[in-house]
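Paired with subunit B in one complex and with subunit C in the other, subunit A is shared by the two complexes that follow.
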Partner chain A sequence: MTIRQLISRLSLDVLAEGASYDAPLRGCYIGDLLSRVISRSVQGGLWITIMNNLNVAAVAVLADIPCVLLAEGVEAPDELREKCAEEGVFLLGSGRSAYELAAAFAQSQS
Partner chain B sequence: MPDAIRMTFNVDGDDFAAAGTASSEVKRALKQLGMPPELVKRAAICMYEGEINMVIHADGGVASVAIRPGSVEIELRDRGPGIPDLELAMQEGYSTASEQARNLGFGAGMGLPNMKRYADELKIDTKIGVGTTVTMVLRDRTR
Partner chain C sequence: MKLYYDFHMHSCLSLCAEDDMTPANIAGMASLAGLDAFALSDHQTAKNCPACAFHAAQHGLLFLPAMELCTREEVHVLCLFAELRHALAFTEYVGQRLLITPPARKRVLWRQTIMDENDEPVGEEPLWLGSPADIGIYDTAALVREAGGLAIPAHLDRPSSSIIANLGLYDPAMGFSVCELTAGCDQERFVSEHPELRGMRFIRGGDAHDLASIPDRQWTIDVAERTPQAVLCALSGRG
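And then the complex of A and B:
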């Protein structure tokens, strides 16, 4: 599934635009502990989190994550949006829980 | 072999949210120098974990990087409290991170284990009340 398809199928808000809407997402990781995300996330995948500080952008870049999804209606501070846009990382948002989002992602894969 | 390219950064101890600046700069430089992507990624992760540790545990410090063809050496030197039990600190999940650091997503106790995993050499000199120096060497594994 591409990032474009993810956004439309899960009705996500686009909080910052990343490098390419057509990039395919190769998997998904859910987590809020940054050092765990660094070692366990999927390269080229989706990262669902409720963390919304600047380090989220830094970790996404480090771990080669093209797309971050803020769950549970967590707000994105302007500085995080700007940093993500600058680094070419998509920042998406939804009011749904991380579980619901991951389940919907998995279901709409097929 | 040509001389190493060296970069030095003063890492600020009080800006938790913006920590990681030095590592992104190093990552950019390594990319520009045409270092292999797998080495760039590992070096950036090691540097980030080390930089964050200086910020959240030691009130900042100095990061120095030496880049040579096929290798990167990273040194992180601080005058923080030191690490009383290094073996314990190296264990996954062990963390003394403050509430403030944890609220930002730090404190998984995975930073040092990540550094060990991604670096080819990791050396930690630490003395209580004096400070900690972490040295990492990463080599091009494709060579």
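And then the complex of A and C:
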């Protein structure tokens, strides 16, 4: 599934535009502790989290994650949106829980 | 005697702070704000504290070297010291325990500028200070005490990077004697919502990341004498 398809199928808000809407997502990781995300996330995959500090952009870049999805309606501070846009990382948002989002992601892949 | 204080602010060595948060500008702004005592508390480092101590002295301000530690649980804890050498030794200790080491090719992505007494850049921090350290929150109070400082859980009422946000509640076994609240926190209400905090001592912190956010003087502590040691004693409730 591409990022464009993800946004459309899960009705996500685009909080910052990344490098390419047509990049394929190669899996998914859910987590909030940044050190775990660095070591466990999927390269080229989707990262679902409720963390919204500036380090989220940094960690996405460090872990080669093209697309971050903020769950549970967590708001994105302007500085995070700007940093994600600058680094070419998609920042998406949804009011749904991480579980619901991951389940919908898995279902719409099949 | 009473001292107007703010022990929580960030310089250009922190990823999230503005470039004009240089040690000289911070000391100048602290003076303009009417503070008597302040600390520089960058994430995971005290390396801009020597320059800031110099400029604080130029303005006749009491300066405490400090850092804002990010623990294994990604909880922020202010670590205040009375002596620069203790803050710098603790910086080394923390630097060896950072959990995230970016590959060299990605190090150019963020600026973390170390400044000298002339307010000139002398280098970039090679470690990535956005990383948490492999230090547990239950070990922090004793560890910082042994290092010659005082650990104060930061912005306890903030919905991110605080003990309450990340761990759900304060456990007295964590052993802190004083905690920091944000400027706008309703302390009475906050403590009533977190009864485990009854009897805790509190300070406030501005957490400024830009010069305009260094708050005008509004918070005081009562100290026996005008020294960093006396400030640590007063904050920890020992005098």
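As a convention for this text, the second predicted complex is superposed on the first by the 110 of 110 C-alpha atoms of A that agree within 3 Å, B and C clash if a C-alpha of one lies under 4 Å from a C-alpha of the other, contacts with A are read in each partner's own complex, and residues count from 1 in each chain.
The working rule: a contact is a pair of C-beta atoms (placed from the backbone, for glycine too) under 8 Å apart; a residue touches a chain by one contact, two chains touch by 3 or more.
None of the values given here were measured: they were computed from a predicted structure.
Overlay on subunit A: subunit B and subunit C clash in the combined arrangement.
Judged by the touch definition given at the top, the superposed model places A:N53 against both subunit B and subunit C. Of the two partner chains, subunit B and subunit C are each touched by A:L62. By the document's definition of touching, neither partner reaches A:M1: not subunit B, not subunit C.
Once chain A of one complex is fitted onto chain A of the other, the partner contacts of A:S35 extend to both subunit B and subunit C. Shared interface residues of subunit A, touching subunit B in one complex and subunit C in the other, are 33-35, 38, 51, 53-55, 58-59, 61-62. Taken in their complex, subunit A has these residues touching subunit B: 32-36, 38-39, 51, 53-56, 58-59, 61-64. Residues of subunit A touching subunit C in their complex: 33-35, 38, 51-55, 58-59, 61-62, 79, 87. Across the complex, subunit B meets subunit A through its residues 17-20, 23-24, 27, 41, 44-45, 48-49, 52, 104-111, 113-114, 117.
Across the complex, subunit C meets subunit A through its residues 15-16, 72-74, 99-100, 102-103, 106, 109-110, 128, 130-132, 160-161.
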